[in-house]
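Provided herewith is a single structure, encoded as structure tokens, for subsequent inquiry.
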């Protein structure tokens, strides 16, 4: 399997693609929200590169997961913080990895509890196969396929890097 | 595992009933406090609701009237997106001949997922969890003189938040310990969480027999009892006590055991004052102290919703896990 | 109802506290009486031979307190069901307390109970008469008439006497007719509302409690008044070690006072109500382990003359409530023997002493003219295996009440045969 890409390289590509998309759609003054924890790190990097005016929002989707009945409430929930109104705004939603799509679904639900956005643009650093819901990112750094039993992890918050993890989850 | 922990915990050690703090270890109590932190944040946001208990039915069964506790539980359940039923139980319900057991089993048949129960008899919540509805998550909102575990947890949260932790603290509980379920739960929580010393301060008539056996030091003098205390918890004194030969008058109680600016001075200068409410101004506590800088009374009320959200969600989760396992 | 059967019980170990006999010997019975010990009368041909090898033959047990449900509480039990349970437990004579409905304060009620128990024929029943009318603690009951109807003792059960002046008069009146006063010692105001022993367990469980002094104060009051009035006093089902001490002291001073203790007070304690176990909710409450120890000693040294079942059958619903609202009492006729044998196993009593406390002790308390196992005596006998074990559960118990905290336990000691006036009233 080819070595994992450098995060910086991916961020450069994503910044470029995102600027293009915003321009094509004529979207002005978007707000950005990252999904804890990896999505927030990626969002921080993008937020800086794109010079977005409003502060960065952070979502913890723990209360919106759909597996509460099976797994229960996991403690160590970091609070969500949206220091702006999402009503009628264009929201750039950022996560590190999209796989089944359930995390993003939970994030949608939570965002909509806060208000009705004008639109949501989904940005992920990586896209892995294995969708269980029909949700696709608008922008992604790279599509990746893993061997059986492999997982990928984003290390941070300084020096962002991708790491391959084998073995049990 | 003690019988109390066997009853309250599922095989993974998760809460499936919340009846008393007896049999719950420090790790679990800490988990409740940590979970409360998350819900306090939720309470500070514009959107205070989370969907954790969506589709679940929580029934409030208050056999003893209580507007404030019932309202707090109702609010906590609604903020978790649960459907809430307030069952109107007149005190004459059982005098109509229907036993407690029959009434509850009828409610269970209506597919309630959780009962929040307040009852005048000690052991009522245990009875319901053990013998009546083992598949419904039972939350004890106060049973007789036995326990009021959610109150104790919110008081522990308040202490942790304002004193930074529990190690080394001297905590004094003042007032009618004999009749107090709050006191019994506080004692349990404080000893499990590892404070340095728990003291009870009261005249002999208001102290239960062998209370030292619960791990507390007994004081009859307020001055001695508050000396070097970091936390002073004072309990509500009910008017009936004056009529049962337990106390001569409110006045005498206030003079000897009331928390005033002077008597608070016996404690450490940075001691905090707490009260489970509702307060009797001028009986167990002076207005100046209740409203003063050292008082955390309003904070307690504030945290009450978050603590109950934590307890409700953790217990419902544990009960669901039990059901999934057995299905 | 006397049987016409001739029986021989052979090879059993006969332990008879009345005659101090303890040997393997044959017993021969005809027309409801013992007609031969060891050697049968000449020409005796038994209709049935009962092989009692490896079994113990004892006089039938005498139980100073067992409630039958009837009259008045049919959902809890009937004279039929409970006397059958008595026979299964090896009890051939029992006293039922006066707190039935109607109260045993008239000869008519006495007759009702005696007739019914004779009709069912499992066990001899001697009702304890009410001390006051309606047990209300104010007016003397018709004690002379009740004595004539067959009662040997009077009691106000657990209900209070209005004041000491009335108590004194009740004692004097009972003493007039030589009636024994059975006392459930309890000061009503100290015990008010309580359901558990005042101690650490009740404190932790938040249960309203009954202090030891509720019993000891009543004990002292009754001892002093008994001394003054000369009534023959018996304390029923004491629970505090201190009570035994006070009674021993009075006995040493020459007062004619006796006491019994319920078997569960000797094996259980306040620990058993932990986690709100309503099956261990008793009246008087189970007290501390120290009390249990002192009661055991008092039974061993004879301060306490008898152990009884204090049998109280209850329907399931009566125990299915929050603790303080459950009815107190244990269904215990059928477990009296194995639980008493547990005391023997623990070394509290010898087997012979244990059997004495189940037979001669209570007989003396009641003033019954028992001759034990001797020629001419009524053939009320219990034949049991001290070693055979059985599980206590809803199926093995024939009492209508399955309310015992010993459910699920396997115990040693099984009655194999019970004879009442020479008739087999129970056989395993």
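Going in written order, the chains are labelled A, B and C, and every chain counts its residues from 1.
The rule is short, and it goes like this: a residue touches a chain if its C-beta (ideal position, glycine included) is under 8 Å from a C-beta of that chain, and two chains touch if they have at least 3 such contacts.
This structure is a prediction, so every number in the text was calculated from the model and none was measured.
Student: By the document's touch definition, which label belongs to this structure's chain graph: line, ring, star, complete, or other?
Tutor: line
Student: Closest chain to the overall C-alpha centroid, by per-chain C-alpha centroid: which is it?
Tutor: Taking the mean of all protein C-alpha atoms as reference, the closest chain is B.
Student: Roughly how far is chain A from chain B, going centre to centre by Cα mean, in whole Å?
Tutor: 41
Student: Report, in whole Å, the distance between the mean C-alpha point of chain B and the mean C-alpha point of chain C.
Tutor: Inter-chain centre distance comes to 45 Å.
Student: How far is the middle of chain A from the middle of chain C, if each middle is the mean of its Cα atoms, in Å?
Tutor: Chain A and chain C have C-alpha centres separated by 78 Å.
Student: Got the chain C residues that touch at least 2 other chains?
Tutor: As it turns out, chain C has no residue touching two or more other chains.
Student: State the interface residues of chain C toward chain B in the complex, per the touch definition above.
Tutor: 198-200, 202-209, 211, 274-276, 317, 320-325
Student: Using the touch definition from the top, list the residues of chain B that touch chain A in their complex.
Tutor: For this pair, the touching residues of chain B are 14, 31, 34-35, 37-38, 41-42, 44-47, 49-52, 313-314, 317-318, 320-321, 324.
Student: Quick check on the complex: what are the chain A residues that touch chain B?
Tutor: It comes out as residues 62-64, 68-70, 72-73, 75-77, 79-82, 109, 113-114.
Student: Which bits of chain B are touching chain C when the two form their complex?
Tutor: 3-4, 7, 22, 99-101, 119, 121-124, 126-127, 130-131, 143-147, 181, 184, 208-211, 213-214
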